[in-house]
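Next come two complexes, and both contain chain A; in the first it sits with chain B, in the second with chain C.
Showing the complex of A and B:
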């Protein structure tokens, strides 16, 4: 058995660089794209409509990973960007502003419907850009702080924005901006419209018979876009500067990295993906509800990043898929089986945060760098760090037999 | 003087009631190797930190290449051409040796977010050029291999060399070395001293070092400035400093000078 594994490994090593580098991701993408077709054959796997939510959460976790994992800025208020994205979708693609009637490329909406109706594709882009600006605005005053202080201030912003949307209605600010605790719904559907619909593309997702599948593929495309950008950014000049700041802020500044600008960019990029994901999720749910934007959600996303491995794109994807599955379906299913086993009905999802907390504690004890650690941590595990031997061991230890200074 | 790369005029730094540096005048001639020495607590590191933008002087001016730099943020000072190493090594431990040097080049590269995501040809060219230069710098600084190893896993002497490589990557006109030979054995120290001289000659640099090891200071520097309790007590060539009574007093006590 181990021999077979060894031959397999050496075969793999013989493959050309291109194959070794792209085979696994390509395979994963193919499997992901075909998922709606074979999900019925796999008992226990989440149905497509739940998989959509999992993909959206994964996208948010990857956005948060840019802030927390790459730049090492502990952000406890990421939910603010989700909220901002969701409300952009709610404002620009619903009946909410009924005094105005503005239509631009929206699908599945009557031509004379009141409110702003902009094509959801455009809304996603606007949401991304808008939350980027929000990220910069929140970042400029807060990112002067370091470590714990930053975490506390972001926590504040994460509370301010949901409180604001809960109260920004007639009674609160004299103008019904967010419709208070009721939220805004329905939000227009995504779709390609009649012209493109004629050539076979789905015209309106929500009324299509394969609604879940269409949303799934769109979410997957958005996620792949996020993954692509995450990797490209990580390996860029900016990504190196982020990691340098994470490692040693003072040294990074002394090497010419402008701290404020670089940190603000990480915030802005994290916000960008959070905003798009938030807007898409609001469109999928057809509503933006303030009840979704609680502090717990920020922590939930942070758990995904920690569980998967801070800074590791593949790790965060795995961590996010696991936790969002548990959140959406897994806990209820596992709870039911557990209940059957002990012969009592137990409402496991009620204890969700206790369970996530337990998972994080166990992870920190057993595997603190996450399920799939960032590759630099892997080098660390293999090579070891810091344990430079004592002078005489290092220089005159057995086996060397000569003083290193002459080499 | 026209050929001074750096001129500090009456630079003063107070921490509350403590005067860390008291109206110090200081000049570094272009192309020279200058040392700043003094007993512990003399204000050497405070002075260093003002040159690199970590602290803003309470009063006084610092002119670099004729331009006021006092109070500018560290990255802006790096851009103008001052590179530094740290007394207690501050490498990016979790980054490879290559990446450390590449971070040093940050201010000399220009790739932005969009260009990096799209992988524009301009960005790719810049990256491969930077990689090549980083490799050359590592070899130049005596690190011919292990470029892909994490900085934290390198032996102590190599970490010191990597710090110099990283500082050189910022493309400085003035290189500040903060106790570069601390913790080195005599052989390594001798190697390093000749290396500093070599960098100055080949890279056309000016070097300012803080150092405790008198052998290094006397051996490598052309001018020495001595600080004590935040005051400049002497300045001159190594021979002058060696004969200066106040310096001997500061280092060895009053009895020794008599």
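Showing the complex of A and C:
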């Protein structure tokens, strides 16, 4: 057995560089593209409509990975970007603003329908750019703070933005901006329109008979774009600056890395992908509902990143696929099997977040580098890092303790 | 500059509200004081733990919630008291609950530290922080498993008859009791931290862990003790919360914990007096926002306001109102 493995290994090593580098990713992409065709043959695998959600969540996790994994900034309010993207889609491609009638390339909408209707393709880009701006706006004042303070501030934004969209209706702010707890629906469908439809491209996704498949391939394309950007960003000058900051902020600053600008960029890039994913998900669900934007979702995404391995693109993809599958179908299925096993009915999905919390704790204690560790991050975790702040020196000496009863 | 202007606006708003209805204003102040006392007990836990480990213990709010939930079970099933019970048996029940809830929460919080944070003490700072978030979710689901997704309701054990009144404003027994229970706890804590050997060890450990170990302080035991102390306060807060509001649910700890954490940051994290001051301030902010009639945003916006305060404090004055500059700020 091991002999065969060794032969395989040596033969693999003999292959030209191009093959070794691209064979696995290419194979994975081919398998992913063809997934809707063979899913019926595989019992237990998620159906295409669930796979769409999994891909969208994976995209969000990759966005979060840029912030948490690359730059080492703990963001507990990533759901804010999801919300921002979703509401951009809801504002720019629905009947919500009844007083305005503006059409630009929208598909599947009557020409005289009220509201703003911009082509969803454009809306995705606008959502990405808008959330980038939101990310920069949140980042500029807060990124001066270190580690755990930053986590708390992002958590604060992650709580304020959902409460804002829940309250921003006629009664709350005097103008119906978000339609309160009801959310905004329906949102226009994605599609290529009649002109391109004539050459064989799908006209309108939502009315198409192969709706799930079309959304699946679009989500896959977006995900591949995200993966490509993630990898290229990681190897770029900016990406190396992020990793330098993550490893040792003081040393990075001493080497001339501009801390604020670099951190803000990581925030902006993370927000960009979160915004696109959020807008796409809202279009897929045909609505933006405030109930979706809760703190637990931010932790759910964080859990994906930790499970897979902070900073490791392939790890995060695996972690995200596992967890989003658990979330959408797996927990219910596994729970049923477990219930049969112990002869008692247990509502496992009810405890989903307890399970995610458990995964986080176990991973941090047992394998903090994740399932597929990034090599550099592994070294950091094993050898430790110097996380002493730049300006600590001036505070040393007696009487600077943090607990003071007499204060 | 903008800050001063904002504070002035808030001042004007308060004065107008006071002129419009002085008695209503004062009763809102009392509500604020009561809420603030509960927040103070929780905020102290955050501050103690942050002081010694520089860790935001996200699970702290859930320790509080479990303490409260356990109290409901004790009140309902063990002591079986309700609003018609005799005063003596109610007093006995509350005393018993206090002991059990404090002990339970102290043990729980120490266990969390032992299992979760101890092994990560020398890991990058992100690691224990993320673990704390995970712990919080686990504890929440423990509450969900044993007490279910609904609110657990107990009878109001303390009557809300007025104990005494100042002018037209009545101070009710239940509000009074909360304040009466909180003050001795705070005094006891201050004494413990400033005047006992264990308190001295805590302060030494928070200054320099390695130097403390060198002069013979058992660092692990000191940290465990701090967690037990923080947990005990959270357990007491849980019972007091149940007595005051008569309902509690498994996920309330997280929300209240965040509010209390805001209070701790507002007062200057690591500073015990600051935590109490910040908690009272947050209690007032919340009560004013929800209770006053003139131009108040209302309870829909409470959380947004509290978090906006948190963000503003962290950005403009990270050392808090009573704290001194820490490296996190600058």
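Points worth noting:
Rule of thumb we're sticking to: the second predicted complex is superposed on the first by the 375 of 407 C-alpha atoms of A that agree within 3 Å, B and C clash if a C-alpha of one lies under 4 Å from a C-alpha of the other, contacts with A are read in each partner's own complex, and residues count from 1 in each chain.
Methods note: a contact is a pair of C-beta atoms (placed from the backbone, for glycine too) under 8 Å apart; a residue touches a chain by one contact, two chains touch by 3 or more.
Just so you know, these numbers come straight off a predicted model, no measurement behind them.
In the superposition on chain A, A:251 makes contact with chain B only, while chain C stays out of contact range. Contact with neither chain B nor chain C is seen for A:340 once the two complexes are overlaid on the shared chain. By the touch criterion defined above, A:259 reaches chain B but does not reach chain C. In the overlay built on the shared chain, the residue A:98 is in contact with neither chain B nor chain C. Residue contacts after overlaying the shared chain place A:238 against chain B, while chain C stays out of touching range.
In the superposed model, C is the one of chain B and chain C that contacts more residues of chain A.
With both structures placed on the common chain, the touch criterion links A:269 to chain B but leaves chain C unconnected. Looking at the shared chain after the overlay, A:151 reaches chain C, while chain B stays out of its contact range. When both complexes are aligned on chain A by C-alpha atoms, chain A residues 380, 384-385, 391, 403-406 touch chain B in the first and chain C in the second. Those residues of chain C whose C-beta lies close enough to touch chain A in the complex are 47-48, 50-52, 54-56, 116, 119-120, 122-131, 133-138, 140-142, 144-145, 149, 189-190, 193-194, 199, 202-204, 206-207, 254, 258, 261, 265, 268-274, 300-301, 303-304, 307-308, 310-311, 314-315, 318, 322-330. Within the complex, the chain A residues that touch chain C are 72, 74, 76, 141-142, 144-149, 151-153, 155-157, 159-160, 163-164, 166-167, 172, 295-296, 299, 302-303, 306, 350-351, 353-361, 364-365, 368, 380-381, 384-385, 387, 389, 391-392, 395, 398, 400-407.
Put simply, chain B touches chain A in their complex at residues 52-54, 73-76, 78-79, 84, 86, 90-96, 99, 102-104, 106-109, 111-113, 116-117, 119, 123, 127, 149-150, 152-153, 155-157, 166-167, 169-170, 185, 187-188, 191.
Chain A makes touch with chain B in their complex at residues 228-229, 232-233, 236-241, 243-244, 247-248, 250-259, 265, 269, 376-377, 379-380, 383-386, 388, 391, 394, 403-406.
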